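Look at the two complexes coming up: chain A is in both, with chain B in one and chain C in the other.
For the complex of A and B:
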């Protein structure tokens, strides 16, 4: 293809990627090293607010931003180096915890608490998603042709449901007097409070993620299964390979590139877990890195938002994803290089 | 809070009416847009405003994140803003709302003096209702067991023990202790009830104090009588626990009281009464905060539009609207007839010493967030009381440094 034609084809896409991915990323990167603050002054203000019948007036000192001639608050922007990163990581607290020998208290610090959960969440759900996806794909592949369509449709349902709604429906099954909880309470004759236990919420969050993502893995693997070399399979049968051996030595190696692809996508998605925290209201017990960024960015009633710390937290999340992906990317690269020869 | 927020963000409701209708005193020919929260009282007020024609009312629980930026635009994206004493802060700080004194002189004859929110003598907002958290209780259970309505939190705990003993409900006590904003607000109530002060004159935090310890201790003692899932329990959750007869008492928002007598939802119609918020300590104020909801008018709009917007707003806040929606809120507007369920809120607001208004300061916004994020660790047992209060102060200081409030 001529370079000119190529440029016309990819131009719009490159432009969009620059506009919506590269520039915001660069801006977040810069903001994580800056702090923008309003210029404030302290003034005595008398405020009168209603009681039911009369009014209460109080005089208090308030900090208010100074407005410039256009009526917008004056701000100053400073380069602060890694200060925002230090504030997110709270390394001094980590140091103190190590020095005092109470390693457990590190996990009470927001970032580390979020990192611990996010990593566990990602790494535990990964094999489950791949395993379950593969199992469904094999089951469908071996099912009678007449019912295959229906099975595929039903298996895909969890993937189609909007994430927050999916999380909510599982929450409603278990929280309070949810159907499942009520059933368990009847069977075991005890009082169960799912949402009062961090580990129970953690399990539910993982269960939800596997339930939601396994259909994606299934679709990919099912497509891959259609291209397995039938001759190889038949010769394996003639050689006396059992069902498991055929899976282990013929099917899985054939699907390996797809398994790596699903693993890559899942690692990226799961590390950015967010819907689970919202859907299960798990903030008291479990938070994720993405939720931490969101929480910093969310303005409070007074309109304050911690943009610098949120930027730092977002950059740290990105670095985390890259580190997680390195082994898989290295493998793909090696395979790619190998096949070139 | 966050969950509701997300869901409601999707469910922004737009109400627009075409021509003017008969119930408005004048025909409005200027397009007036308003942005407010989405609860029943706002629905009543914006519906009444819409009768004047050319009113586009947006009711959105996410309003607090939109409002500061929308009002800072020039021209402002909305004419009328619905605010409370918590959410008016950024608009005041950034100077995006206008003083209303001239408009009140021209069109606000029907306003009562206590509706005017004055900042340094200038009226910046017009309040329409007050809201507070107060004690709601099951009168029938109290009658059956011969219990007195408690006036202190120690009394609440004794009463709760008696109700637990009798075993008439699942849990004697409910509380809005969902981690985040709600839990922080329950702490605020108790902390102020014990005479605490959030920040000092130099904006430094003061929650790691005797009042802070007492508030945490009292809240922990309350949890013994509560549903163990209290860290996901927001106002709607507590309201439903009441409606389904699962709890006997709760310090709940006055704006939720009307739901107790809603025959479509409630199994306890007529059985719930309201009393003043209990005292945390003898001689103190009720352990709660006072809130108001009201309207502001944007600064960055032409004067004619501001006048039209104010006239429309006055139509929304008139006696006719209150008569039609009497039980939806504790209205400050003339014509309001307090019902049985309003007694508690009125007793709370007129207590002596009276509870504080929720402070509209930047510091309070940061403190509220720090409390909401750090308190849950105390209730899950990850941290003890001292470590929790230290963590709150540290989180506040970090945020306040970043916001430029302390050096």
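For the complex of A and C:
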């Protein structure tokens, strides 16, 4: 295919991606070094109130926004360098915490709190998703052919459901006197308050994520299981391999590319976890990096959006994504070079 | 073919595997089933700590809302008949009545008409008939299962959830149409070109797929809010403020969706043998004609599958829609986020549950109808990627 033809086919898509992905990315990068704020002037106002024997006068300085001819506040944009990053990272407080030996107080800062939780969340759910997905795939492969369709249908439900609603449906089982909490309270004969405990919410959020992603891993592993080489399996049996050894040395190596694929997709998606925080209303206890940016973008009580701080936190989130992607890109590049020869 | 003896499993293993599967199915379906049950009960029952109270709803029944044994039997019979009819008769009617080459439109119209007909029968005629029957049959007609649809009524009619539904329809329809049109062109071009440029486009798309969406929204917000001033030199006085516009959100979602769409469509196009294009080209087609008249007709399964995933992305999105749409253009998912943040009374909470079930119901139908396509879509990217 000639370059011109390719350009006609790919043009609209590339244009959309440039305009709505590449351009915002560049503008976020610039914004993170700038601050836009209303121009204010300080005026001295003397207010006098009538009093006994002459007036009582108070002089005070007030800051008022300067309005332009349309009556809207004027704004200026200035370069502030790394100020927004410093505000997000709060390195001086981190330094103080390290110096005084109270490392725990670092986690009181939003960004570090979010980073700690996001990383734990991503790394803990990863093996669970792969293990559960593989277990379901093996079990379904074992089940009678006639009921596989129904099982796949039921298994797809948690995957297809709107993430917030999936999180909510689990929240309603646990929060307050949800039926599962009531059951646990009966069994353990104690009072449990899920919504008040950070670690309990953290567990629920991880449970939700595994519940939501395991079907995806299952479907992919199940498709992979259909192509396992039966001859290899039979020779393994003749060589006296036990059931577990066959799984360990024949099936899992066959599925390895798929396991890596699922792991990568899961790492990317879990790292940008967001809906869990909204669904479980966990912002008082646990927040994620993407939720932090979202929260800065939401208008505060005065209607202002902290765009520059949001940009800085967004760029910091990006660093994690880049680290995650480097091994993947290196592998794809090697494959491409390999296929060219 | 029977399983070789060496591969046969001991009964204990088969039992363990089957019970694990049953346990998984229970965990997978239970939360969804449970919110469906809760949404039909009065608040006291819905948030009762006793599961049996939630299922049978004594308070709801005491309020006079309930189903008798007769209601349940006849209702289930009508439901089963309707489902069977949909799977056996509906395809025949659609085939017979839709004109040549318009099968998709025929299906849309047919499914829509069927849904309306079902709603009229099930919620219009049936309750009236059963009301009469219940009063005649005595003990069989006494309510045993508490059930009320009042929360759905207050969510959809009183709180205006139908408006959010309408917005969701506009946004999802726009996203699916545009991203498929743009995506099929790009997917085809990328599948048929082995050049370095195509490779780099795919790699960059892969990087874009990994971006957190909040990063992009941080880039849109200042531009969209001030777009009237920015665009005024170009468009004059009619320059629109893009913030809050469904059209702007559609464009954004299409772009966010593009990397995924072109990767998936490309892998479907690669399944179509190259010889088909070459034959068309030998017969004198241009690249575009070959694409339109030879490749597209055999590509429909791939396009439908990709369309499903585009639909899911647009329908399920919370972050982009909640930040870029204003209150009156809100879609369903951000609207429900507003519901449970309020959390003042238990009635509010049950209404949130009803809204959640309303959002889930279309997805449930989708999996029912398109299970095969969803599975093939999930595996298409993985097996080759």
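Criterion: the second predicted complex is superposed on the first by the 296 of 341 C-alpha atoms of A that agree within 3 Å, B and C clash if a C-alpha of one lies under 4 Å from a C-alpha of the other, contacts with A are read in each partner's own complex, and residues count from 1 in each chain.
What we mean here is this: a contact is a pair of C-beta atoms (placed from the backbone, for glycine too) under 8 Å apart; a residue touches a chain by one contact, two chains touch by 3 or more.
This structure is a prediction, so every number in the text was calculated from the model and none was measured.
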item	value
First, second, both or neither for A:62, with chain B first and chain C second	first
Which partner, chain B or chain C, touches more chain A residues	C
Partner chain(s) touched by A:263 [first = chain B, second = chain C, both, neither]	neither
Touching partner for A:10 - first (chain B), second (chain C), both, neither	second
Which superposed partner A:164 touches (first chain B, second chain C, both, neither)	both
Chain B versus chain C as contact partner of A:37, first or second or both or neither	first
Contacts of A:196 with chain B and chain C, given as first, second, both or neither	first
Touched partner set for A:278, first chain B, second chain C, both or neither	both
Partner chain in contact with A:153 - chain B first, chain C second, else both or neither	second
Contacts of A:136 with chain B and chain C, given as first, second, both or neither	second
Common interface positions of chain A, toward chain B and toward chain C	164, 176, 278, 281, 298
Chain A contact footprint on chain B (complex, rising order)	2-3, 6-7, 64-65, 68, 72, 85-87, 89-90, 92-96, 113-121, 127, 130, 178-180, 183, 201, 203, 227-232, 290, 292, 299-300, 330, 332, 345-346, 349-350, 354, 357, 359-366, 368-369, 373, 376-377, 379-380, 382-383, 387, 391, 398-399, 402-405
Chain C to chain A touching residues, read off their complex	4, 6-7, 9, 13-14, 17-18, 20-21, 24-25, 27-29, 31-32, 34-35, 38, 47, 49-51, 54, 181-183, 185-186, 188-190, 192-193, 195, 197-199, 201, 203-223, 251-252, 254-256, 258-259, 262, 287-288, 291, 312, 315-316, 318-319, 323, 333, 336-337, 340-341, 352-353, 356, 359-360, 363-364, 366-368, 371, 374-375, 378-379, 382-383, 385
Chain C partner contacts - residues on chain A that touch it in the complex	1, 3, 5-6, 8-10, 12-14, 16-17, 19-28, 31, 36, 132, 135-136, 138-140, 142-143, 149, 151-158, 160-166, 168-170, 172-173, 176-179, 182, 211, 215-216, 219-220, 223-224, 233-234, 237, 243, 258, 261-262, 268, 271-272, 274-275, 278, 281, 289-290, 293-294, 297-298, 305, 307, 310-311, 314-315, 317-318, 321, 324-325, 328-329, 332-333, 336
Partner chain B, residues of chain A touching it in the complex	35, 37-40, 45-58, 60-65, 67, 71-73, 76, 84, 87, 105, 107-108, 110, 164, 175-176, 193-196, 198, 278-279, 281, 283-285, 295, 298-304, 306, 308-309
